[in-house]
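Pasting the structures in now, so scroll down.
In the two complexes that follow, chain A is the common piece, with chain B as its partner first and chain C second.
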Partner chain A sequence: MTFVEILLTLLKGAGYTLLITFSCAATALVVGLGIAMARELGGAWLSALLSAVVYVLRGVPMLVLLFIVFFGLPGIGLDVPPLPAMMLSLGLISGAYLSEVFRGAFAEVSPNEVLAAQSMGFTRFETLRVIKLPQMIRFAVPGIVNELTTVLKFSPFAYTVGLPEITKQAMALVATTMRGIEIYAAIGLLYFGIYRLLLAAVQLIEKRYSIPGFAQE
Partner chain B sequence: MALLEVKNLVKSYGDRNVLDGVSFELEEGEAKVVMGPSGCGKSTLLRCLNRLHEPTSGAILFDGEDVTDPGVDVRALRSRIGFVFQNFALYRHMSVLDNVALALRRLKKLPRREAEERALQELERMEMAEKRDAYPAALSGGQSQRVAIARALAMDPRVLFFDEPTSALDPIMVREVVTLINRLYLDNVTILCVTHDLNLARHISDRVVFLDRGKVYAEDRIEHLLARDADPVIDEFFGGED
Partner chain C sequence: MMGRRKLLAAFALGLAFVTASGCGKEQTSKVINVAVTPASPPNLFEENGQTKGLDYDLFDGYCKARGCTMNITAYDWQGMLGAVVSKKADVAFSGISITEPRKQVMDFSKPYMDNSWNLVSMKSRNLKLANLDTLKNYSIGFARGTAYTDFIKTKLEPKGIYKVDQVKLYPTNNEALADLQNGQVDLVFLDGTVASVYRKKLPIQDSYVFEGIDRLGFAFPKGSKLRDDFDKYLDELGPQKRQAIIDKWMK
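Coming up: the complex of A and B.
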């Protein structure tokens, strides 16, 4: 088996890796934004409750949560398929981290601008949507890229619940060919390629929405 | 009837009265300056008047309606008061035109085109139309203040509040903004301005409300205040200027 043939076989797994990464990243973005916005709008109680949830999620090892969801929940009659199990573990944990990224980015929005919007008659929700959110997302881009990279790097755990992503394919190939160094080096290259693609996509979006003089000080 | 009538306004934080029974009136077309030492409650006063801060007690009659009433439409109240902040508070992620048109579109519900036309008129009035596509980061302090004023005027407010409009500017820009506010004053725009700036007060105001430790210490024309003999509070604030 040539190196190219190995690469082509592994590419089949890349589709799953991308699917897992995007599903978990989308879950993380929704959860992270939801938590951060609820903390902005909600009162002290809601904020305290959400901070406790975030605290717990950040402390739980990803694989443990994945096993609880995938192997534990069927014990109480809840069967969760592999991909949703990844979203409920990796997606949730990543969402908790992202909510902290967003919280920090919200804090960078000038309180004067918020006050100006409220003094014009904008409600808290409108101020959040029109003034704070568009600025916060721009401040948060570096943190979002970091977290998306983490999601990609945690995607191999999906093999433990039977999803045939790149690492799973690699393990199968090594078992039949015994060419561990080449194959694992190849998947290292593939992950790096996917990472570069993600980065390029984010940079493209960032460029499209860049504002002269904003978030550059 | 005065446009704005403040009666015995109190604002407390814990057991500290930041405003301690403030009363004054503002007539339509009048320009009034609120002065006083730092921490005397000037900015709190402005923020209570448009309910950004909740007054503890007292009454604020705006066009005869007590706006401290819990049932009052705060949103409608705020849309009748233009507020220009010390640090301009322009929205950094929006162009100059969008800064001015935003409230017209979202609050007055004007179609985009109409809102932009109206915004452009105000920018022209402030001689800032050519900067319509610029972002706040590219503007000087004086230009930013012009845009902030255009943004406030675009909503056709009954009164314009200024909170220390010159304190973030260098002397040249201060002159520019003083001239600008003076022009509004001559145009009969009703103005309530909080400032430390004696020069600004001289140029734009009919009368000065002088606050000290949360109370109205004096209300008079600026030249009369300056002419007061041996008034330790006034002397200390103005540092012997006349």
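Coming up: the complex of A and C.
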């Protein structure tokens, strides 16, 4: 078996790795944005509640939450399929981290602009939508990329719940061929390739929505 | 308003139909959800995307006799056991040892084969243990979630032979063996079946062999009716035919 053949065998799992990464990343973005925006708009009670949720989610190990969702919930009659189980564990945890990234980015928006918007008679929601959000997202890009690569690197947990992603293919292959070094080097390359793909996509979006002169003052 | 209500009724009817037919299907064509770990040759492994092995052949024989089909899902070791306990899978097999702690959360078939437990080391170290007196001087590694932890805790630790704290745990046998080759661990615990496969590919040898303590079984959820029928099948198959299947993969 040549190195190219190894790569081709492992590629069979790449589709699942991409699927897991994108669905968990999408969940994380929605959850993270939701929490961060609710914190901006909501009162003290909602903010305290969401802080508690984020606190717990950031403290729970990924595998523990995955086991609770996938193997634990059927015990109370809630059968969660593998991919949604990943979204409810990896997606939620990552969303909690992203909400903190967004909180930091919200703080970077100039208070003078917010003050100006308020004096123009903008409602709180309008200020958030038109003034804060567009700037916040641009400030948050480096943090978002960081978190998305973490999601990619946590995707092998999906094998625990039976999704045949890249790492599963590698482990099955090592078991019969015993050529660990080559095979693990090959999946290293594949993960790096997917990371490059992710980075390129984010850079493309960043470029498309870049504003000349923004964030350089 | 009428239109919407009709639509709703049709939707409900459709939903009922789908769920009803779904249930019916499961009972007539008997799809059995199987959980495996394809990193356990010769009991279970993948070759060119095909699930194969000793355990697979045995259960395939059962399915051919009873007219059922297997829906195989590959998990890692912990996931496979979790799938049986949570009833996500109807059966799990990949050379699973029958142990007391496991018996409390799942039902096992009759033992279908005996297995030895081998402490292997690199041939170059020329490490042979005549007895267990010196065992505590060496580091032992093995795959996490396997039956060895329980064995060391209940059998070796009370006699002062070895402590669970001294053990190095790895995700699978592969990582344990990689560390063995790198000289990071002295001995690796392998099933006799697994060791027979790896001895052909790696310069390893048995340093000590534990016999007659380990039996392999097919794992089923608690109260499984499938388990009873599978036990009946093992009786029908008889020891000779079963041994023939074992020999086919072990030799």
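Keep in mind that, in the parts below, the second predicted complex is superposed on the first by the 216 of 217 C-alpha atoms of A that agree within 3 Å, B and C clash if a C-alpha of one lies under 4 Å from a C-alpha of the other, contacts with A are read in each partner's own complex, and residues count from 1 in each chain.
Convention: a residue touches a chain if its C-beta (ideal position, glycine included) is under 8 Å from a C-beta of that chain, and two chains touch if they have at least 3 such contacts.
Keep in mind the model is a prediction, meaning the values are calculated, not measured.
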item: Which superposed partner A:70 touches (first chain B, second chain C, both, neither); value: second
item: First, second, both or neither for A:214, with chain B first and chain C second; value: first
item: Which superposed partner A:39 touches (first chain B, second chain C, both, neither); value: neither
item: Touching partner for A:172 - first (chain B), second (chain C), both, neither; value: second
item: Partner chain(s) touched by A:130 [first = chain B, second = chain C, both, neither]; value: first
item: Touching partner for A:112 - first (chain B), second (chain C), both, neither; value: first
item: Which of chain B and chain C A:103 touches, first, second, both or neither; value: neither
item: First (chain B), second (chain C), both or neither touched by A:138; value: first
item: Chain A partner contacts - residues on chain C that touch it in the complex; value: 35, 38-41, 45-47, 49, 73-76, 78-79, 82-83, 85-88, 171-174, 177-178, 198, 201-202
item: Interfacial residue positions of chain A with respect to chain C in the complex; value: 12, 67, 70-72, 74-75, 79, 159-162, 164, 168, 171-176, 178, 180-181
item: Of all residues in chain A, those that touch chain B in their complex; value: 110, 112-113, 115-123, 126, 130-131, 134-135, 138, 211-214
item: Contacting residues of chain B [partner chain A, same complex]; value: 50, 52, 74-79, 81, 83, 85-93, 102-103, 106-107, 135-138, 155
